[in-house]
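In the two complexes below, subunit A is the common chain; its partner is subunit B in one and subunit C in the other.
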Partner chain A sequence: MFEAKLTSASIMKKIIDSIKELVTDAPFDCSEQAMCLQAMDSSHVALVSLKMEVGLFDTYRCDRTINLGLSLASMAKALKCANNEDTCEIKYDDNDGDTVTFTFCDTKRDRTQDVTVKMMDIDVEHLGIPDQDYAVVLEMPVTEFKKTCSDLFMFSETINITATKGAVVFTSKGDSGSSVITYTPSKDVDSSEHVTLDVKEPVNVNFSTKYLLQFTKASALSDRVKIALTNDTPIVIEYGLNDNGHLRFYLAPKIDDEENNMD
Partner chain B sequence: MLGCVETKRRPKRLAAMRQTNNNNNAVTTGFISKRKKVLEDSNQNQKITKFFAVRRSSRKTGKQLEEEEICHLRDAVHSCCNEKLLDIYTCPIKGRGIKAGSSFKKNEFVVEYKGDMIDYTEAKEREMEYAKNPNLGSYMYFFEYKNKKWCVDATVETKYKGRLINHSALRPNLKTKVVEVDSSHHLILIAKRDIEEGEELLYDYGDRDPLNIAHSPWLVNS
Partner chain C sequence: MGIKDLSKVINDHAPSAIKQGEMKNYFGRKVAIDASMALYQFLIAVRQDGSQMQNESGEVTSHLMGMFYRTIRMIDNGIKPAYVFDGKPPDMKAGELEKRKEKRDEAEKQLAEAKEKGDAEAVDRFERRLVRVSKDQNEEVKRLLRLMGVPVVEAPCEAEAQCAALAKAGKVYATATEDMDALTFGSSVLLRHMTFSEAKKMPIKEINLARVLADFEMSREEFVDLCILLGCDYCPTIRGIGPKRAYELIKEHKSIENILAKIDTKKYAVPEDWLYARARELFLNPEVADGENVEMVWKEADVEGVVAYLCGEKNFSEERVRSSLAKMKKGRQAGQQGRIDSFFSAAKVVTSEPAAKRKAEDDKKGIKKRGPPIKKSK
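This part shows the complex of A and B:
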């Protein structure tokens, strides 16, 4: 038996909307502590890691660890039925066989709606993500990061991120022109728009702009985004979920031979 | 100029990206046409699996379960961890025997019948040798595996308890099974039914040789 109720369906909507183009089918691992999801995109370049902790839910009950394999398209369809203010209950009963029920309840209008989604048998590969200290940790408003990615996407497929003690530089060079965006840590750290930068070691890495831009679809989930980098290691883009979990995107770096291609 | 080529050629959806990747099997040799350049760009993406190792999925397919079972059995056979679950007791009639120190589920691995794995010819030679000493008990288990006769000779006293398990043709709770572990085969005993803690473990020695029965009538009537 698994039963989890969210105060508002909007958070689930936002999560699914931000990953459904990257991942088609997803196995939700439900345990006593959290509802988690880990899935790669079809080309195995990016990895989505979602953790919705118990604290995020109004009520949460999970008798035993279960894995709910769901098509994100069907889930999005189900969630489309919900209004943002509706409560959203996710239910799975072992006796019900292979379906998950989403119950949306509009408390003001005394209306409830049940949407049943068929589960899928997904054979997934779980990746072991090592705990590691990143050389650079950058935090900024989600809007800022989104603008950076879409601005740079106009020039090139590849984004170069270089960080030194004092600044982090995003560069994209194309045939038509180039763009360079530089961030230095904000002096006014109390402002909600501030940028923080922690550099242990300098980095210089390349990533696919298309993917980074894709990740910024999660901007609705949080005000701030955390970006962690280390040379020759996947970048981590993290959106917090009200201090009760996160949605993380990992992206493998591009092969570093820009001399041959970018000139 | 290239930018135009890119936007036209590129399918917008990420799902289509892999196809683009697969199309490109030519990483060019110096000569770079515009088209190739575009494709090469997307091919530069490395796989995330290069950085994060694939773990066993928490949802298991039938095949995985089977593999896991084999793996588990291998560990159990190698580590002899079940030995401590068996208690030796002494019975005035039968001598030493083994009682279950924990419960076992039906078909669960209980213990290996550990001894020298020898072929039939050698076993017969040893049997003749042992026959000269009437004090030696019978600890040779003959069986057939892949059309060949084998024998586990556990005559020599060891710390392994599989050899001490008594016989019962009428009410055994274990049965023998030959398993292949890391390309060598082992004779193991598995639970024929659910076994409670404290029950005496018994299996059918399988010896129906009339001569042996004449000497040891307990082979058929116990």
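This part shows the complex of A and C:
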């Protein structure tokens, strides 16, 4: 038996909306501690890692570790039925067979709606993500990061990120022109708009702008976004979930080692 | 060629080791290709009206045509191919080569007969059997690949073995060949149908060696012995032992030595002076260049060089060659994108409900598991 209730359906809606274009179906790992999800996009370039801790839920019960395979399109359909202020309960009973039930309740109007979603058989490889210290950790308002990505997307499909002790630079060079955005750590750390930057080692890496822009769909989940980088390693973009979990995106870098060997 | 019936044995005993998919799933992957196998295929398959492609001066161009367009197909899909060419054949292969020559002589005779009778279909069939890759063709293809910026690796001995060494060293993700002995040589992953024409719509077949060994419950050495029993290029087999029996025997006795000690040699004719031990050695420790030290660099194509060679010397259509090279350039850029699963490795396989439950119920038949009772629907 698995039963978890969120005070508001909006958070679930936002999560699913921000990943449903990247991942079509996903195995939700439900355990006593959290409801998690790990899935790669179809081309195996990006990885979505979601962790919704027990604290995020109003009530939470999970008798045994189970894995619920769901189509995100069907989940989005179910969640569309919910109003943002509705409570959202996710339920799976071993006796129910192959469906998960979403119950949305509008407490003000005493209305409840049950939507059942058929589960899917998913057999996927779960990737082990090593715990590592990143060379650069950058934090900024989500709106700021979104603007950076969409600005740079106009110029090129590739974004170059370099970081040195005092600054991080996002560059995008295209045929028509280029754009360079530089961030230095804010002096006024109390401002909600501040940017923090921690550089242990300089980095110089390239990523697909299209994917980064896609990740910013999660901007509705949080005020701040954390970006972690190390050379020759996937970038991590993290959106917090009210201090009770996170939605992380990992993106493999673009590698141009071949070009360097040109004579 | 290859290992007799190995794909059938894998199909029967380790179906989970085989995956089928589209070529584009392999984007960003480096792949070592057995060049001789690919060339042979091109000479057989790249044809027009049943005969090999020729240019105006009557030179055969099937091999260049195939190599050019099918390599571009791979690059267009974001794959980084490297071609590995055969060196000298191991002396163990002499018997096999002799046999192949006999077959060729036979085919030649039959071809002459068919021509006399005017049986066009038979002529075509025997002509195909006579196809062999000439030294010049090998050199021409190497020249083309270098102009295209595709790495060419010259193996000291067998190309299959060199491909496997590259895969083992992590230099490439897989060996692409139709020859199953790439697995025997220890390629972690074997890809089939990689050099086939797009028009054939053949899915790429991936065979994972680790899974084969796990499902067979065999060590690498036992697997090699199984392959020798099935039939390899290096020594004859024991007559009367087919794939089914060979698999059972290795499962039971673990090695050819043990099998020889147990089986009734009157019933099963063991070849005289059977060199299975040397064949085994050849598979386990083949003569290869150390995978770590092989430099493989994918470069930008020399467009003018390719055009001058293919169009200038070999009468290819310039328009088609140029447009294909443009396609290749685009593919190369896409190929720069790394794969997330080459940074993070697979830790476990997740099976979702209700399949997981079904599996658990199957397991429960053996061992009573703790946990909430699962009500069965009648």
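Methods note: the second predicted complex is superposed on the first by the 256 of 263 C-alpha atoms of A that agree within 3 Å, B and C clash if a C-alpha of one lies under 4 Å from a C-alpha of the other, contacts with A are read in each partner's own complex, and residues count from 1 in each chain.
Keep in mind that, in the parts below, a contact is a pair of C-beta atoms (placed from the backbone, for glycine too) under 8 Å apart; a residue touches a chain by one contact, two chains touch by 3 or more.
All of these numbers come straight from a predicted model, not from anything done at the bench.
J.: In the superposition on subunit A, see if there is space for subunit B and subunit C together, and answer fit or clash.
T.: Superposition check on subunit A flags a clash between subunit B and subunit C.
J.: A:Val45 in the overlay: touching subunit B, subunit C, both, or neither? Say first, second, both or neither.
T.: In the superposed model, A:Val45 contacts both subunit B and subunit C.
J.: In the overlay, answer first, second, both or neither for which of subunit B and subunit C A:Pro185 touches.
T.: Neither partner.
J.: With the two structures laid over each other on chain A, which partner does A:Lys210 touch: subunit B (first), subunit C (second), both, or neither?
T.: The first partner, subunit B, only.
J.: Tell me which partner A:Gly240 touches in the superposition: subunit B (first), subunit C (second), both or neither.
T.: neither
J.: If we overlay the two complexes on their shared chain A, which of subunit B and subunit C does A:Pro27 touch? Say first, second, both or neither.
T.: A:Pro27 contacts both subunit B and subunit C.
J.: By the touch definition at the top of the document, which applies to A:Asp63: first (subunit B), second (subunit C), both, or neither?
T.: second
J.: Is A:Ile129 touching anything from subunit B or subunit C once the two structures are fitted on A? First, second, both or neither.
T.: A:Ile129 contacts both subunit B and subunit C.
J.: Between subunit B (first) and subunit C (second), which, if any, makes contact with A:Tyr250: first, second, both or neither?
T.: A:Tyr250 contacts both subunit B and subunit C.
J.: Which parts of subunit A are in contact with subunit B and also with subunit C?
T.: In the superposed arrangement, which is not itself an observed complex, subunit A uses residues 27, 29, 40, 43-47, 67, 69, 122-130, 206, 208, 233-234, 250-255, 261 for both subunit B and subunit C.
J.: With touch defined as at the start, can you tell me which subunit C residues reach subunit A in the complex?
T.: Residues in contact with subunit A: 24-25, 27-28, 297-300, 336-357, 371-372, 374-375, 377.
J.: Could you list, by residue number, the parts of subunit A that touch subunit B in their complex?
T.: Going by the criterion above, the answer is residues 21-22, 24, 27, 29, 40-47, 65, 67, 69, 122-130, 157-158, 174-176, 206, 208, 210-211, 214, 233-234, 250-255, 257, 261.
J.: Quick one: in the complex, what on subunit A touches subunit C?
T.: 1, 27, 29, 40, 43-47, 63-64, 66-69, 92, 94-95, 97-98, 119-130, 206, 208, 233-234, 250-256, 258-259, 261-262
J.: Which residues of subunit B touch subunit A once you look at their complex with the stated criterion?
T.: It is residues 1-3, 6, 13-15, 17-18, 21, 32, 37, 40-42, 44-59, 61 of subunit B that touch subunit A.
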